[in-house]
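All chains are identified by letter, namely A, B, C and D, in their written order; residue positions are counted from 1 within each chain.
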Amino acid sequence: MRLGVELGGLRLKNPLIAASGTFGYGVEYEGILDLSLLGGVVSKGLYLEPRDGCPVPRIVETPSGLLNAIGLQGIGIRAFVRDVLPRLARYETALIVNVCGDTVEEYAEVARIADVPGVAALEVNISCPNVKKGGIAFGGDPRMTHEVVSAVRKATRLPVIPKLSPNVTDVSVFARVCEEAGADALSCINTLLGLAIDVERRVPRLAFGTGGLSGPAIRPIAVRMAWQAARAVRIPVIGIGGITSTEDALEFLVAGCRAVQVGTANFVDPGIYARILAGFESYLQRHRLESIGEVVGSLRFPDGEAPGGPGA
Amino acid sequence: MRLGVELGGLRLKNPLIAASGTFGYGVEYEGILDLSLLGGVVSKGLYLEPRDGCPVPRIVETPSGLLNAIGLQGIGIRAFVRDVLPRLARYETALIVNVCGDTVEEYAEVARIADVPGVAALEVNISCPNVKKGGIAFGGDPRMTHEVVSAVRKATRLPVIPKLSPNVTDVSVFARVCEEAGADALSCINTLLGLAIDVERRVPRLAFGTGGLSGPAIRPIAVRMAWQAARAVRIPVIGIGGITSTEDALEFLVAGCRAVQVGTANFVDPGIYARILAGFESYLQRHRLESIGEVVGSLRFPDGEAPGGPGA
Amino acid sequence: MPASSTHRPPVNRDVPLVRRQALEGPYVLLTFRHPEVAAGARAGQFVMIKANTVSDPILRRPFSVMRVDPSEGAFTLFLKIVGPGSHALAELRTGEEAGCLGPLGQPFTAPPEDQEAVFVAGGYGIAPFVLFGEELGRAGRRARAFYGGRTAADLQLCDAFDGLGVPLVCATDDGSFGHRGRVTEAVAAHLDTRPGPVTLYGCGPDAMLHAVARLAERRGVPAQVSVDPWMGCGLGTCLGCVVPIRRPGEARPKYHCACTEGPVFDARDVVWP
Amino acid sequence: MPASSTHRPPVNRDVPLVRRQALEGPYVLLTFRHPEVAAGARAGQFVMIKANTVSDPILRRPFSVMRVDPSEGAFTLFLKIVGPGSHALAELRTGEEAGCLGPLGQPFTAPPEDQEAVFVAGGYGIAPFVLFGEELGRAGRRARAFYGGRTAADLQLCDAFDGLGVPLVCATDDGSFGHRGRVTEAVAAHLDTRPGPVTLYGCGPDAMLHAVARLAERRGVPAQVSVDPWMGCGLGTCLGCVVPIRRPGEARPKYHCACTEGPVFDARDVVWP
């Protein structure tokens, strides 16, 4: 239990989770790494039906960042349950379904279908910036956030983990709304809305126009938001944003997160999980700590209320 | 007039302005570059009284970014008017004072004192994340934004340019509020609130705790926000965030900004203005354009309303 | 496409640079130690590779495997320096390591026994055909290569087929070397000679691939093309590299990942822009 | 501090690397062409320099000018590789350029004519004293150097004072070279010999500078220290490098920029943590 964590009813062997949309459905990494190394895997975002997603270009690089507008291309929840889940059964890792919808009803319906053996929890994606309905339109509005999370809550017995948007003035408001709506944990954060322009052709570099910014560039913003969310609620928070190393992951844990997700870095180096886990072990040894849980929330913040604190 | 632009009553010889807090009071660069190269210079943030600012460390690097908590150390508006302004008189560049305050009254008072010959415009800093009063607390609340901008409007005949915070859900709301309150132009954006943690000591890497993130890392977010602001209002928008090259500056112009500010890049290479200006010239030639104004707002955005658009 | 290649899963390793040979202009040959790529890569497959751990730019880059040496446990890339990713690789010193995942993607499929393989390469698109020429040579198949570029300096691998029994025709847009004009014009001229049944194989810029596809359709010959989209992961997970593909009998095109279902596609199935 | 140095404004240039001499371990000597630094830099001044234009990390780094050659128009840095900025500089090949601004900051002030200058250097803190030794030598002043490090490998410039008539005493924490123990202990032992009036000059880690300040205070000798804070711009505009300084007669400390008002400060004025 040195590295094990408990996450709103969900037990993870370690706090490392693969982030939605950056690890496919998990099966793509079979043979490249041992999926049982991971504390958990979040599926690519799933709607009721399969979707084509956006035209290309869908990803462009920005300084230390990645801007994407995939548009939630995916196989749909039924195909996932039918075709993918059985292939993942033999791995000892928590499978989390990333639930999407154009409407509140669709979220609930996907949640109902996903509530099958083999699925460990549901992450509610109310923060995708690359779809014209649902997504960020829900996650940027406290009332809609409450409605979606409540509906998913009613539709499943599985742990419900809303994924918060960073494109808001005060993330702690949304954290509290989710807690009230019955969430078991929070994922924090999704991508930041960005725009990159091809100045020679004077069009956006992404076919869709705007996109979601991820990667090391956003880490300081993500750590700040995860810290604000963790201070605002009692349910556990999963930190996400720009993690590429043990130190990066520890930033989120020290800030108060019970677990973390690795996103963009999966594309850069599939060996990252083994690397971070080894780093955790040597960190615990160096600091003479019994378990990773002792690191969680150990940040000593300077005196006084910071302007970015939840009270701001 | 190939590179000249008009900015809410203010004529600039070119659209390049040095951003507040990254160019001192201008005089620091005397002898290193010809200040008359610049379209304008914005002073370091100025309160009524001198201020000490935050303890050190005040700046730390993050991937492609800089996180700072200077805390608006400065000499105060009176010393600026008395000691600095006369030294800058001989340069042909627009001097813009960055107006700060702990209270609405202080903003107005600084604005009154700054309304002297030699000052071309006032930038109203309602977006500094590194102070416990004023700053972001004003720029994150539409009602307070309106109050501060109106008060400065009444206190001066100079062009008033509120500087917007990126730490909000919808920047276009704040852009419109400023326009209604009588602003002549908008500066967009200030830094993003961030947190970087020293995981060995488990304290923030900045002495103040949180800080403001600037530099290339934030450019896609800044371009998106400047584009949203420019679509929301009729007054001109000045784009700011992560500019290090001609292409970067053009992104903001194409997105709809009438001018741009260079911040963090001043620290990295004081030769940047000459470099970008030369780049503008060759861009205009290559694209057979008469003036930089033709570039402004020339972005062709894909069909349909984007989720990040002002309507979202 | 044969599924056989997927039987050797890609392996992620830090690979030391064992040899570096600068060519003219922005071209360089780089040899890295990676036993699994050396043993398993087939023509048309590629690696995702990055020279350092800085995060600007962040992603690895795709490069075709040009040659393998299973006994040395090493493979060679033919690299054109065009931006920061390729530049950083080209700057590596012998012994320094890069992060590398491979072999990836679906290889070219050999033509039926009686047919000649006709390679149509543009610029760095020559790389996979060096390996393909060797593979076909070992299998006793006939092949012929057409190699085009803007100018003579773009044709850096003219000697790569020496000793493989693969006749080579070069073409440059400016006529500075070989035929003047598009490489596909030279291919068309070859088809005009009624050389018997052939399969075309294209690798190069999009416009050239499209021309290969049109030529194949007009002449009624099969063609495989290796497409060149942006790639983020190489594993089918970022969904950045998708290409619209309409398979026979399908009503509308669907997005397919170039990294796992390609980069080699049947030219008839690709929906050109 | 003398204002004279500010009479030569710093010049911003792309500077080619003209010579590179690897020393043991993480140390290297780098010589760049920069006529204005070569002609104008004085001991204690520094440059802000960066090897490339990637944005991770983004900022230039401060390094003391160790030696100048006005006739060649070049200056030399003594560099310890500790992170990405110093690493990228050390990786430069001859002829490649770095962005460089200098000379910056306030130099050391020579001691009064009758006094001996006592250098106290820790690690790379030896760099400015090489230039200072030359300056004082030309001015006919006496100097003596104490050079400390953790272990022998940290003392890479022991021959830098050869021919300058500056006696050198080395100290290592582990006793692997010179005196065993702190370098300031060796300085204290020297002061115990009643060498006549001296001024201490310190450059090295904060803890060593603090020890120099305490020693100077206890013995009633003047001391100048070159502090080593984070620097962002070198020009007094980022306000990242401030140090709390209390000048005689001031009630409370004020923040002063180490880049423009330092890095050399009177040791008595520095408010130690």
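The rule we apply is simple: a contact is a pair of C-beta atoms (placed from the backbone, for glycine too) under 8 Å apart; a residue touches a chain by one contact, two chains touch by 3 or more.
Owing to the predicted nature of the structure, the values given are computational and were not obtained by experimental measurement.
**Q** Just grab the chain with the largest centre-to-centre distance to subunit B, centres being mean Cα coordinates.
**A** Greatest centre separation from subunit B goes to chain C.
**Q** Taking the mean of the C-alpha atoms as each chain's centre, how many Å separate subunit A from subunit C?
**A** Comparing mean C-alpha positions, subunit C is 36 Å from subunit A.
**Q** Can you work out the whole-Å distance between the CA centroids of subunit A and subunit B?
**A** 33
**Q** Suppose each chain is reduced to the average of its Cα coordinates; what separation in Å results between subunit B and subunit C?
**A** About 47 Å, centre to centre.
**Q** Find every residue in subunit B that makes contact with two or more other chains and list them.
**A** Only 63-65, 215-217 qualify.
**Q** Pull out every residue in subunit D that's touching 2 or more other chains.
**A** 55-56
**Q** If each chain is a node and each touching pair an edge, is that a line, ring, star, complete or other?
**A** complete
**Q** For the complex, give me every residue of subunit C touching subunit B.
**A** Residues of subunit C touching subunit B: 55-56.
**Q** Under the stated contact criterion, what part of subunit B meets subunit D in this complex?
**A** Of all residues in subunit B, those touching subunit D are 22-24, 28-33, 44, 52-53, 56-61, 63-66, 68, 70, 73, 215-217, 244, 264, 266-271.
**Q** Please give the residue numbers of subunit D that touch subunit B in the complex, ascending.
**A** 9-12, 50, 55-60, 99, 101, 229-230, 232-233, 235-243, 254-255, 260
**Q** Inside the complex, what are the residues of subunit A that reach subunit B?
**A** For this pair, the touching residues of subunit A are 62-65, 67, 129-132, 135-137, 140, 167-170, 192-197, 199, 202-204, 207-211, 213, 215-221, 223-224, 227, 242, 247, 250-251, 254-255, 283, 295, 298-302, 304-308, 312.
**Q** In the complex of these two chains, what residues of subunit A are touching subunit D?
**A** 63-64, 216
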